[in-house]
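In what comes next, subunit A is part of two complexes: it sits with subunit B in the first one and with subunit C in the second one.
And then the complex of A and B:
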């Protein structure tokens, strides 16, 4: 990735750690991009809502995707880039997908923090990736398993549950994996 | 609510509502959403704002029939729905009741008007192997109610063109295993003028379709026409597979990637010679006859050639030489040889293989047929003709790793002036043999 002479910017996490990154990497975040372009920020941007552990992961994601985009662009320019030329770079698309899949193999807490960070910093690709990972974790689980896995506070009474199940049967189709009334089990 | 992405105890409850909706929209089917609704009040209330649902039948003898449930669910979520996907194919886990034709007009009319105004994506997949009772006017109902539809997918259906109205916002259309009652697709561009991506896969009922679409960028067609005309000045990628002899007429000046699979071609007419064709794939018994139709294109970088052994026309197979290709296309970077070509050359090395002028390819890719990896005679001749810097050997998926490594080592030792690499195809050798034996009448 072209690092020579590119402008650098410093991102400061909520717990005080500083990360120096090329400006183009930081601009993967639309939030940061607005700050840089509209507010003419100084060289250091404090991110009060993101801690160092999560910020370093976010930066890792942005660096990888900026590098991949640059590689694809330089290949396409030698082939007069078009939509079709982009489809020729399939091997590196596969590599990026594999990398992304590994990137989200983290514990739930980290995943939710990544989702919050991607949302706050407006990084669409990262938000898609992390939300999809969360959806994949829900897939196939029963209501009880979902609640347990995600530590959701259950406030649904047995009567309400019965009502929801009726509506589910009427419209959604719920696979009967658990016994009725095991919400409190 | 926790907005800080720094707490150890961040849970799903801490995520903002629009993020939770984002996650809901990615759930593969409504069962998962149904289960989410039982987990908390918050999830329950958010479920009514879901903008995308996907439904397929799960249980046999469900008290509420599948179609009724679809109508109920869509009425429930009508205000927020933007994307609807219905499949008559069960998940396969549990025995499911047979679901009737989902393109039935009375079924569609019961719910499409509820969401039509804002619906952007619609997908209807019937269970395969259903014998339809006639052509459905689904397209008429869809085009009448869903004026903002951007993407439409229909699979396993008989569709009538009667009564279709203009779908000005449709950019993406996929019809797969569909029978159409219009032999010529005469008014296609009148109905779908803004199409950018068109997939007509295993389409029957077409005789001489004429596809004339100004905005089309990607087109994939698999069918049985006698002739096909594609007039699309912005088309960049075309994949054409005609299962019987066919006359092909192309007016696509911007085409970049072209893949043509014709067992036996009556001919190809290029109305305008593309000046930016970078990748060409030809699969045919008639390769040497098809190649000259592309004379005059400039800038071809990648050429892939394969013989498609289809029985009953195999006597049309004409031997061809690599030099035929080099004579027509100067400056190819990469040549890819299909396994049947290699196999046939191997059986009897064509006498027309003479190196006229030295050509130097950057890369040669050879799809090795599933045996005789140590045979280096043919490779020696081919390497002399095209002098590549790099050769990639592609193996069928079921070849043992050890065999692959041995083969690569064998070739590397025999021809050390070249860089050797290898990869694995998605196809298995059983497919290769069955098609070949049928083609050769064995």
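And then the complex of A and C:
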């Protein structure tokens, strides 16, 4: 990674901790990018909605992805086969994907805080990654299981539930066939 | 800070909840509607619809996978009740109903659709598609594209990708030239064109993988080009090949594969290219270093690009062993600006041959701004020793083996 001592910027978490990062890493966040480019960079940017634990994870993600992008740019890409299109899969993508998969192996609370941070800071890659992880937690579970897993307050009346089931019959049908043992009480 | 009774997910901002649902198969996404009243309406305004094979297929009585008619009915209902815009739609499936997809695309055209990805075998793009004036990104695979007579272009289109599609030369040309903001064009598995003609005042990036006999580019803003041909085209005159290169003379990045190089190298004896690549900064090229013609062609190219900064060479070898290739004709000409701005050279797959040595030597003695030469997959210490003994013009230059 090009460690040429580029411009650094300080990010301050909601609980007062300061993180010094290279500007290019911070700019992975479009929110921060706006502040730097349009509001003329201050030396320290306070992030009132992100605590230090989450901010350090976010910075970890941004650092990794900036480094991966730099590494990919300096490699030859005259590969036999696919044309370089918007859908190209670079050779280093596999490693990055593995890293990403490990990165989101966190407890639910942290994951959802990461989702909120990615949303607030406008980091599309991180938002996509964390939302996919959340979706993976939902996938394959019955409504009852989902409610339990996420501690959802079930404030829906049986009548309303019945109405929704009728309306969306197709979506619930197969489930009945394959998950006959599950009770939707 | 994770209380056992804390509801983590329902209070996420609506847009975020929608993003999560987008990553689920449609059925499961819909089933979230019964989780609680906070989830009932999330799905109805989801901004992206991605239909996967698993969504639209069902098991028939004899365990075959077939298109589910219930899925079609359901999607019809979805399009009816959905509120708001659908910005992204993608559907790739082995089985589908043309009429149904036609209906859905028509609805999408009225829902401010921006990005569309369709991968359906021989699906004929419907009129609704051509009426979607808000489209910015279009990717079609295996589709048939026939422009309606009164088609005026996609006024907001920025990226277009066509893979293995059926489209006539005339319609393709019109599709591109009538999109005034098109910046990225990607054509994959395109083998039917005699004349590949692209006229666009906005195009910046062009990727091509397939075959063409002739190419004509009227693209003043084109900066990055990548051309990969399937097989070399035989039976061509040199002048037309020079034309091929001529239309690329204003690009900043050029990436060409071995088959295209073979075509270009057929120009006979060493003919200095009468073209100057005034803006070319990066070249990625696949050549057979042992073939004199290709060797010379690549040097011709380098010599015609006075601002060239970065070169990537992927070396390949053919079965015939040519005689030792030399670069002598170039060092003698002191008026050429070969490698004046060159900073890095990366060579992959190079064998430790005399021709290779000759090429690298030329680089080392002609490039005053050279910073590094990266060679991969060479494990001959003899070769490396010979290299280190060459006197480099640029004192900063490093040779890196990896």
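Rule of thumb we're sticking to: the second predicted complex is superposed on the first by the 155 of 185 C-alpha atoms of A that agree within 3 Å, B and C clash if a C-alpha of one lies under 4 Å from a C-alpha of the other, contacts with A are read in each partner's own complex, and residues count from 1 in each chain.
Assume a residue touches a chain if its C-beta (ideal position, glycine included) is under 8 Å from a C-beta of that chain, and two chains touch if they have at least 3 such contacts.
Being a predicted model, the structure only gives us computed values, none of them experimental.
Participant: Check whether A:161 is in contact with subunit B, with subunit C, with both or with neither, and answer first, second, both or neither.
Facilitator: Both subunit B and subunit C are touched by A:161.
Participant: Go through the superposed model and pick first if A:126 touches only subunit B, second if only subunit C, both, or neither.
Facilitator: neither
Participant: Mind working out whether A:143 is in touch with subunit B, subunit C, both or neither, as first, second, both or neither?
Facilitator: both
Participant: In the superposed arrangement, which partner chain does A:153 touch: subunit B (first), subunit C (second), both, or neither?
Facilitator: both
Participant: State whether A:50 touches subunit B only (first), subunit C only (second), both chains, or neither.
Facilitator: After superposing on A, A:50 lies in contact with subunit B but is clear of subunit C.
Participant: Is A:107 touching anything from subunit B or subunit C once the two structures are fitted on A? First, second, both or neither.
Facilitator: Touch partner of A:107: subunit C, not subunit B.
Participant: Going by the contact rule set out at the top, does A:9 touch subunit B (first), subunit C (second), both, or neither?
Facilitator: Neither partner.
Participant: Show which residues of subunit A both subunit B and subunit C reach, each in its own complex.
Facilitator: Residues common to the subunit A contacts of subunit C and of subunit B are 80, 82-85, 87, 108-109, 112, 115-116, 119, 127, 131-132, 134-135, 138-140, 143, 146-147, 150-156, 161, 164-165, 168, 170-175, listed in rising order.
Participant: Any idea which subunit C residues touch subunit A in the complex?
Facilitator: Its residues touching subunit A are 1-2, 4-10, 12-13, 15-16, 19-28, 30-38, 40, 58, 70-71, 73-74, 139, 159, 161, 163, 184, 186-188, 207-209, 226, 228, 255, 257, 284-286, 312-314, 346, 348.
Participant: For the complex, which residues does subunit A have touching subunit B?
Facilitator: 13-15, 49-51, 53-54, 79-80, 82-85, 87-88, 108-109, 112-117, 119-120, 127, 131-132, 134-135, 138-143, 146-147, 150-156, 161, 164-165, 167-176, 183
Participant: Please name which positions on subunit A make contact with subunit C in the complex.
Facilitator: Within the complex, subunit A touches subunit C at residues 74-78, 80, 82-87, 107-109, 112, 115-116, 119, 127-128, 131-132, 134-136, 138-140, 143, 146-147, 150-156, 160-161, 164-165, 168, 170-175.
Participant: Which stretch or stretches of subunit B touch subunit A in the complex?
Facilitator: 2-16, 19, 22-24, 26-28, 30-41, 43-44, 55, 57-59, 62-64, 66, 69, 72-73, 76, 94, 217-218, 236-237, 254, 256-257, 276, 278-279, 301-302
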